[in-house]
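Mind looking over this structure? Questions follow.
Lettered A, B, C and D in written order, each chain numbered from 1.
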Amino acid sequence: MQDRIQSSFDRQSLMATLGARLARVAPGAVEITVPLAPHVLQQQGLAHGGLTFSIGDSAAGYSALTTLSEEMEVVTSEMKIHYLAAPKGVTLIARGRVVKPGRRLIVVAADVHAVDAEGAERHVALLTGTMIPVPTG
Amino acid sequence: MQDRIQSSFDRQSLMATLGARLARVAPGAVEITVPLAPHVLQQQGLAHGGLTFSIGDSAAGYSALTTLSEEMEVVTSEMKIHYLAAPKGVTLIARGRVVKPGRRLIVVAADVHAVDAEGAERHVALLTGTMIPVPTG
Amino acid sequence: MQDRIQSSFDRQSLMATLGARLARVAPGAVEITVPLAPHVLQQQGLAHGGLTFSIGDSAAGYSALTTLSEEMEVVTSEMKIHYLAAPKGVTLIARGRVVKPGRRLIVVAADVHAVDAEGAERHVALLTGTMIPVPTG
Amino acid sequence: MQDRIQSSFDRQSLMATLGARLARVAPGAVEITVPLAPHVLQQQGLAHGGLTFSIGDSAAGYSALTTLSEEMEVVTSEMKIHYLAAPKGVTLIARGRVVKPGRRLIVVAADVHAVDAEGAERHVALLTGTMIPVPTG
């Protein structure tokens, strides 16, 4: 499962473009981290909301994928993000989780934290959404 | 207003990283386009959901900004995206709009279309969300 | 189709409890109205948000149902509501519509307007959500 | 605080119409219960989604209210509900909570469980949304 998710992640060119890395894969719980580098910011020099969303959505989706057999993958049907605090720090970490597994749809969530130079975390975003299982290409 | 929004857009390093461009600024209606380049895709070679979200969110936010005076900018409070169809084509175009203006919060929406080589459009995503006006830095 | 939807609506005891009425059924577009009676209010004497949601959700769901064959019904998977203005007046009217039909899921929306004694309308809520087709019991 | 919230709840005529009761008030955590009575159902005889939403939204809103001073109340700006399982049983219980307090807006959530005759609970809905503090009438 770890290999399958790493391989899928490696084929997502946007993740490489953003500098994101798959940090942890466990059943129903996947983590993605990304450094707050100069090329992923908004106009005030903070992490862009699109960056926060992208890693949160991917972490949630891969969490759903851990509940499925090898012949399946998932696509996002809909996703909501609440921004909770200014994403300041050196890294963002998104922790995906499964709220409700299912055969037809999987309800997922993700929490995104900003991590400062001392390792202190601040909750900066909450995502909830729906993943749809589909047969692999 | 056009200059103000172009200047803000130019300071969003993520937009340059994604290859996005501000295509149109009108009161309550802003458009952003992005080519479907090899560095912004997901594992199946389609536009990444994070790309679609990023330009939709920015188009919606700038649409809200056109309703405010120069001393104000906006931050996204929450945003929801429905993915409607596979984002195939050569370009994505996000059209932001204001659903309900306000002093304390602005309800916004955006429609994202995929455009093929012949210019035909396909509706690929619908976003709705809340922008909060804040005094400029 | 009109009969099928009226019959389903008549079996929803909550609709009768709220005083709601099916006002119009057309392909992909269903309307539900409810008087702002004393038993459906919140603490300030305005229409309760739960009332607005209930008729918006039902109007959206029945709009989806008009796109399906007789052996199918729909269940709401998720629904989002933006409250846009204070729901003052004598009646609420919810107009459901289909954003994207589909076999596995149907993306829907509804606009709720408050109508005053002169018939003037005010847009008070916007709903967007996902309906899942399921075989009829 | 308990009195203030009970008094506000008692003025919500919809809650009485639905048969809902304020079951618990603690800082940042409010519970509302409602019996699954014959007058609050949908066409298949299950709890209507509007019922589930109504008590979830109110529980979330009152949870936010516990974080504010007496001169303030809250209005719902937007709310999303995910339906997770069929709401079968004898009672629904909604547990509201505060995700992120704030002066301008409060991010809230609620979990709704169906309770059967033996007291066993089943998670049937998850709500996330935004409350806006406003001065009391």
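Note that a residue touches a chain if its C-beta (ideal position, glycine included) is under 8 Å from a C-beta of that chain, and two chains touch if they have at least 3 such contacts.
Everything numeric in this text was worked out from a predicted model, so none of it was measured.
Asks: Would you say A-C or A-B is joined by more C-beta pairs in contact?
Replies: Between A-B and A-C, the larger count of C-beta pairs in contact belongs to A-B.
Asks: Using only Cα atoms to place each chain's centre, name the chain farthest from subunit A.
Replies: C
Asks: For copies subunit C and subunit D, work out whether under half or over half of the interface numbers are shared, and give different or same accordingly.
Replies: Mostly same residues: over half of the interface numbers shared.
Asks: How big is the gap, in whole Å, between where the Cα atoms of subunit B centre and where those of subunit C centre?
Replies: So the centre of subunit B lies 29 Å away from the centre of subunit C.
Asks: Please work out the Cα centroid separation of subunit A and subunit B, and write it as a whole number of Å.
Replies: 20
Asks: Averaged over CA atoms, how far is the centre of subunit A from the centre of subunit C? Could you give it in whole Å?
Replies: Result: the chain centres lie 33 Å from each other.
Asks: Two-or-more-chain contact residues of subunit A, please, as numbers and ranges.
Replies: Expected reply: 77-78, 80, 82, 107, 130.
Asks: Applying the document's contact rule, which stretches of subunit A touch subunit D when the two form their complex?
Replies: It comes out as residues 80, 82, 84-85, 99-100, 107, 123, 126, 128, 130.
Asks: Mind pulling up the subunit C residues that touch subunit D in the complex?
Replies: Contacts found on subunit C: 8-9, 11-14, 16-18, 38-44, 48-51, 53-55, 57-58, 73, 75-83, 137.
Asks: Note which residues of subunit D are touching subunit B in the complex, please.
Replies: Touch list, subunit D to subunit B: 77-78, 80, 104-105, 107, 130, 132.
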